[in-house]
Amino acid sequence: MSVHATARIVATPAGLPVLTGEGPLALRRTRATGAGARVTVVGAMSAPLSGDRLAIEADVRDGARLTVDAAAATVALPGRPGPVPAEPAHYDVRLTVGEGAELHWLPEQLISAYGSDLRMRTRVELAATARLVLRDEQILGRHGEGPGTLLTRLTVHRAGRPLLDQELAHGPGAAGGWDGGAVLCGYRAVGQLLLVGQEFEEKPVEPRLLGDTAVLTPLAGPGALVTAVAPDALRLRRVLDEVLRAHQTHGSVSAYR
Amino acid sequence: MNRAALLVLADGRFPAGGHAHSGGAEPAVRAGRIHDARSLAAFCRGRLHTTGLTAAALAAAAAGGLDPLELDEAADARTPSPALRATARKLGRQLMRAARATWPSGELDALAAARPRGAHQPVVLGLTARSAGLAPEDAAYCAGYETVSGPATAAVRLLSLDPFEATAVLARLAPELDRVAGRAAELAGRAAREGLDALPAASAPLLDITAEAHAGWPVRLFAS
Amino acid sequence: MHLDHSHSGPAAVSADALRPDGRRRALRIGLGGPVGSGKTATVAALCRTLRDRLSLAVVTNDIYTREDAEFLLRHAVLPPERIQAVETGACPHTAIRDDISANLEAVEDLEDAVGPLDLILVESGGDNLTATFSKGLVDAQIFVIDVAGGDDIPRKGGPGVTTADLLVINKTDLAPYVGSDLGRMARDAKEQRGELPVAFTSLTGEDGVRPVTDWVLARLAAWTA
């Protein structure tokens, strides 16, 4: 009796014609801090359990602006006790951003609890003039416990061409060496902050180290990426926030009219 | 089909510039993440299953005849670090020179003309294997093996590690390399049917982060 | 496939005397020799002497730094765009002999960026007496030793001393202080090298690099003939 649920958001310049939560994925329209609409995902706290298939789709139509955030972290949990061996849970995120549209996808952390097994797939289709801010934070285990198994993949296309494709696997079900010196080496928080917009084509960011375990880099296409590992969720957030704030207050934010 | 060509291509003495690169081992040694044979093994295993799998699948896809320019673009999307993109293109250009001297082909000439500053090394490697009459899985083996042999050789120089121990690390990874090469060839086959998003994109955050730091060191033994 | 087949791309084999556009490429001369024998000083002196007459560039191969390139930059013997440093992964002899790809890339980049060039000097990282340049990389090579390294080096031979197109015995001004016998060095070198030339230099003196300059100009005349 696993849960299959899909939540849908459609944003247009006029508002939010579609805002449909389902099962554990409840959506609330919340007050936007800037222009455009803001939606908060609430109630995903206890999901996904193993065997669950959850999905969120956000379609930001031409010229629209949308921010999606979350009320709390998402915790991947072990399966319900029972005679059948637990299947992995699946969490799919499908984002589409149209011409001149802008999406800020800023969920809270995804925590891979001990014993859990989650496959998370995020696909983003951007129009050539779309803008995107996307945060992804993964925490290996709740406080004081070992990690669960988490396999994630983020695939971003812009104007139909690949812009960024990153897969990461950690925990007992991941291929060997994930905790060695090449991949995570004892760090229990890993994340990225992706910024996409035409302004990066004209003026790519300079690669910059953010402390010893994070870096801001220009992508081959019009975007910039922070890649970070940290001992814990708090310190990971601090690094990503530093760039996010700079991006929103000065930097290229002026282009985000 | 001329299987022995794989020995020539995978030989550490194949003159394609790899000897000057540590595959991320130099910054890992500096940070204390590689300090003995055991930590070298963990490093190599992680690299094999991440960038190794990704490189092996790109190489297999190129060896299978997929468009090298589209593969080059797919490699860019899988390489967020500009230092690693530059290294991959530099090594691709150097391999191209050796490939055109050893197994000349029109396809190699065409890619060299389209990417005079170098295509991503795994793409060139796959096309080289194709020119040598090798199969996609052979190319995957070669690409996968390079991702671990480079750091192992570098660790011998950087740590004065016992070369027998370092080679034993590689030998113990052989069954995993079998699996990675098989999986890479399978995914390359799927990419031929379904499109390049079917290729793996396994990444290693610490390799991306430390590559940028290493590129800024004023004094270093290895180019990457 | 949208690859362009009409373009020939970069040369496949770099020992080819012609560049892809059909022009004659620059003469490439390698300078090797042990650490501290004066390779970089010789390169600097050659650049100062020849830069007004020839279009020149330099490739350096450092062991673990870009120090030699930086020395040349600091002393402004050539504009920075004419100096390229190759990183050798702790194996300087590999980069000039067994796997010359990074050096060939540097040479090609220099010809593309600041060419046409008459002469490219490729300086090896300081290594031992066995280090020699591949014929795929250079057209001629100079091996630089010095009197302070011991006057028995020519007698000991080795590939560099024996086969280099020019053997330079540098720092002759120091001979009295280190007890080196220049006559003996000349006799031993003759014994090892037969008819191959030997030049004694002291770069502290006025135009001290002259014997090397003359030899380089003769090679260049033969190359362009």
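We just call them A, B and C in the order they show up, numbering each chain from 1.
Keep this in mind: a contact is a pair of C-beta atoms (placed from the backbone, for glycine too) under 8 Å apart; a residue touches a chain by one contact, two chains touch by 3 or more.
Every value quoted in this text rests on a predicted model; they were computed, and no experiment measured them.
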{"item": "Top-ranked pair of chains - ranking by C-beta pairs in contact", "value": "A-B"}
{"item": "Longest centre-to-centre distance from chain B, chain (CA-based)", "value": "C"}
{"item": "Most central chain, Cα average position", "value": "B"}
{"item": "For chain A paired with chain B, centre-to-centre distance based on mean C-alpha positions, whole Å", "value": "29"}
{"item": "Approximate Å spacing (C-alpha centroids) for the pair chain A, chain C", "value": "54"}
{"item": "Distance from chain C to chain B - Cα centre to Cα centre, in angstrom", "value": "32"}
{"item": "Chain B partner contacts - residues on chain A that touch it in the complex", "value": "153, 155-156, 161-169, 175-185, 187, 190, 207, 209, 212-215, 217-221, 225, 227-229"}
{"item": "Contact footprint of chain C on chain B as seen in their complex", "value": "13, 15-22, 67-69, 90, 93-98, 100-101, 104, 106-107, 109-114, 116, 154, 157-158, 218-223"}
{"item": "Parts of chain B lying in touch with chain A, wherever the complex brings them together", "value": "24, 28, 31, 33-34, 39, 41-51, 53, 73-74, 76-83, 85, 176, 196-197, 200-209, 212-213, 215-216"}
{"item": "Residue numbers on chain C that touch chain B, as the complex places them", "value": "1-5, 7-10, 12-14, 63-66, 86-91, 94-95, 98-102, 104-105"}
